[in-house]
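Below is one structure, written out as structure tokens; the observations come after it.
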Amino acid sequence: MAANTARSKTVRSKTPTRPSKIQLDDLVLANKILFRFNVVDAFGHISVRDDRDPKNRYLMARHLPPGMVTAKDIVTFDMDSNPLTHTDKAQMSERFIHGEIYKLRPDVISVVHCHARPLIPFGTAKGAKLRPMTHMCGFLGCGVPIYEIRDAGGMTDMLVRTAPLGKALAETLGDKTVVLMRGHGATMVGESIQEAVFRAVYAMDNAVVQMQAHALAIGGEVEFLSDEEAAKSSRGRNVPRAWSLWKHQMTARG
Amino acid sequence: MAANTARSKTVRSKTPTRPSKIQLDDLVLANKILFRFNVVDAFGHISVRDDRDPKNRYLMARHLPPGMVTAKDIVTFDMDSNPLTHTDKAQMSERFIHGEIYKLRPDVISVVHCHARPLIPFGTAKGAKLRPMTHMCGFLGCGVPIYEIRDAGGMTDMLVRTAPLGKALAETLGDKTVVLMRGHGATMVGESIQEAVFRAVYAMDNAVVQMQAHALAIGGEVEFLSDEEAAKSSRGRNVPRAWSLWKHQMTARG
Amino acid sequence: MAANTARSKTVRSKTPTRPSKIQLDDLVLANKILFRFNVVDAFGHISVRDDRDPKNRYLMARHLPPGMVTAKDIVTFDMDSNPLTHTDKAQMSERFIHGEIYKLRPDVISVVHCHARPLIPFGTAKGAKLRPMTHMCGFLGCGVPIYEIRDAGGMTDMLVRTAPLGKALAETLGDKTVVLMRGHGATMVGESIQEAVFRAVYAMDNAVVQMQAHALAIGGEVEFLSDEEAAKSSRGRNVPRAWSLWKHQMTARG
Amino acid sequence: MAANTARSKTVRSKTPTRPSKIQLDDLVLANKILFRFNVVDAFGHISVRDDRDPKNRYLMARHLPPGMVTAKDIVTFDMDSNPLTHTDKAQMSERFIHGEIYKLRPDVISVVHCHARPLIPFGTAKGAKLRPMTHMCGFLGCGVPIYEIRDAGGMTDMLVRTAPLGKALAETLGDKTVVLMRGHGATMVGESIQEAVFRAVYAMDNAVVQMQAHALAIGGEVEFLSDEEAAKSSRGRNVPRAWSLWKHQMTARG
């Protein structure tokens, strides 16, 4: 991390050129999809490693509701979550979620942070555990840890507004795909913008169905995917297929 | 209050000039937002202290569904909830909710009264208590009292249609942000129109999530924000950010 | 009833003139409102006593989904539910619900029959009882009987497709405002089209909230309106106010 | 089946002409209806026996989200689920669900496969059983089996991507109308596209209501349709009436 920091300072001294059009377009579209499907409301954000320098930079919108984000609002950050562009604008106070995860997880290309409502109960009801109900959510089969901000920061305003809090969150996430945040929301990661969005939408979806299944079982058992089923079903053509539909829907209705 | 009444009588004898355009615009927009997000249906209302004479007057629409309110429907009331304009029109029978809260709470600038569905169970299920699930609802951390109209008025038609019933409600609210009304709905206050609307939307939101968390815990414990977390998280940039989105949405779709 | 039958036979021999435009417009609008708010889907119907001969005739659409009904689809029926117009068209098999209620309830001007989803559990869960949660549903305070078609017809296809089944339903309704139909839906009545529609929308609404309240109370008590509160709150300006909004919404969006 | 296979090989050697316009139109419309009513999302499919050779061919869209399907995307398959057209395109990996059901069920004309959310709990909560709540769902009265893919395939990715897995599903379906698939979704059949779509929409609908009824009964009894009521009520004019509305809705809004 020390090396990263040094490098990013060097980068900052150069004038950053514009991110690639494909990344800008996908990131803007991702913001709109997350808003349309109620993963985010006025709050929440999505980032992606910057194609131009994926080890040291990421892209994310400035402080704006996701549904209002356009390409010109996309900021370039270094891995310490310092803005390299748009420095005259307000930035997301929780950008450290993104930077700190990228530092610890070289495999992660994109990060979503949200307050998706159906995920909140799984982070607050004692003993509840989000588990994969169907093959669309095999990515939950590796386990879904819960981040307790009190462990890292004591009594806070609940926001991950510093690097140490972000680092603690990244460590709780570990090698998983989704981390729930008690009294706050959730963060999910992917190997692409598309995968991170897919996991956000379907993790939320899984939560709704799982709550219903527990209620229907009235305290009895629910049959989840086995670890093997979850692992096998988390691959395949699901992500591009869902993305193609969402892109189609966003284009059709603005 | 006696002084207020005397003063308002004086005011009434003058011809009231028009409220400021910004207040009219915000109040009309607030009506539309509350309707769009199902905080209100054909019923419910929002008021604001009149900028021209905030100690003695407030503004609120005449007897109309909130979704139909326009600037020309905004009435000026004195703090005894007598209309100073639009005196030939029918007025909200429950306007005393607003006037009586303004009398007791000089810090309150805006009041919302609604029948938001998810809040009803928390006012009627014995032992239920609305508590902050996330940092978006830190304003619930100070406690949410329940108004029992039977205590003030015996067996009524449930409406706060007199000054004494309004005063009893204001006293039950006390120094809090939200008061639930058994068998009726809820009333919430803020230091601005934006804050009152924000609290109405997110109190309702909190109720939905809290019901799910209790169901998921199946009688077990749910972890709410601590008092300190709630107090710390009720500040910040949330209100203007949400308002900017809602304004954008209303403008985009009429 | 014998007299009614005799009279309607006389009426049938005359050429019926068109119903009043106001009744046609309101009845078509009512169909659209019930569809928009999910009281009905492809199924369900609403009728009104014919202004031209309210003792002996009623108006209702021919066999069509409510969302597709236009003024030219409104049929005139006698109180035995024989169509006096549109005799070349298919008619609702359950029109006897309407005719038989009009025979037994001279105070009833309009009847809605629907399969509104949230009402179904209250007709099928043993021991459940629909009761008024708020002052919007004071009309439920007089009690909500449940029609068991097995008592009148044994094992049927569940449809009220004969006069005797309709009469049994009307008798179960008695002097109430709403009757639930086990394994089928509900029927509600009003002194106007507007009131019948209002009761349909808000009975459904009450059911949703009541289910949530019972779940939140986890087997504990829920505080309903008292009989006196219900009786007092079932009067007032609610019906015209809601209708004005719904009419506005239907006109604005077609 | 051996005969079917031989025949289909012959068919494949001929140049297939276009399917009938009415089948193409209905199949495209069915895709749109299933999408609009959330029976399917980016995933799920519907097929129909090909009118030109109903014993040996069926029609279904290529690998596409149902909401994006147009007439030119409809592929002709033989009963072994080999594509006879569009052979340069990706196909649904689970097409074997369709072919194997057609082989075992000569009465079935159309098959829907979906992940409709409310049906998932009934396939995963131990002891839960989907049963007919109202006369709209009489088709559930014959019983709703649950397909456990582990019995046929052990630990898989949950997809019915081979003929043997499809055959096992068809055998679990037996002579019923709907089969739930544990950790996956459901498959329903009909004597027409319209009936298969109707059953998909209303099975989902029934699931929602049944979960609410169980919750309201708090572990107590729910009264379902008796076998006789279910059998009697599964006939009638319901399917064409619902279809006429859905067609109207799709045409009105694209």
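A few points about this structure:
Labels A, B, C and D are assigned to the chains in the order they are written; within every chain, residues are numbered from 1.
Just so it is clear, a contact is a pair of C-beta atoms (placed from the backbone, for glycine too) under 8 Å apart; a residue touches a chain by one contact, two chains touch by 3 or more.
The structure presented is a predicted model; accordingly, all values stated were derived computationally and were not measured.
Looking at the partners of chain A and chain D together, they share no chain.
Shared contact partners of chain C and chain D, listed by label: none present. Farthest from chain C, judged by the mean position of CA atoms in each chain, is A. Different-residue interface: chain B and chain C share under half of the residue numbers found at their contact. Overlaying chain A onto chain C using CA atoms gives a rotation of 180 degrees, to the nearest 5.
With centres set at the average Cα position, the gap from chain B to chain D is 49 Å. With centres defined as mean CA coordinates, chain B is found 34 Å away from chain A.
Chain contacts: chain A has residues 214-215 touching two or more partner chains. Arrangement of the chains shown, judged by which pairs touch: one closed cycle in which each chain has exactly two touching partners.
Remark: the chains found to touch one another pair up as A-B, A-D, B-C, C-D. Put simply, chain A touches chain D in their complex at residues 132-136, 138, 205, 208-209, 212-218, 220-226, 228-229, 232-233, 235-238, 241-242, 244-246, 248-249. Against chain A, in their complex, chain D makes its touches with residues 41-43, 63-65, 67-68, 90, 93, 115, 117-118, 120-122, 124-128, 155-159, 182-185, 211, 214-215, 219.
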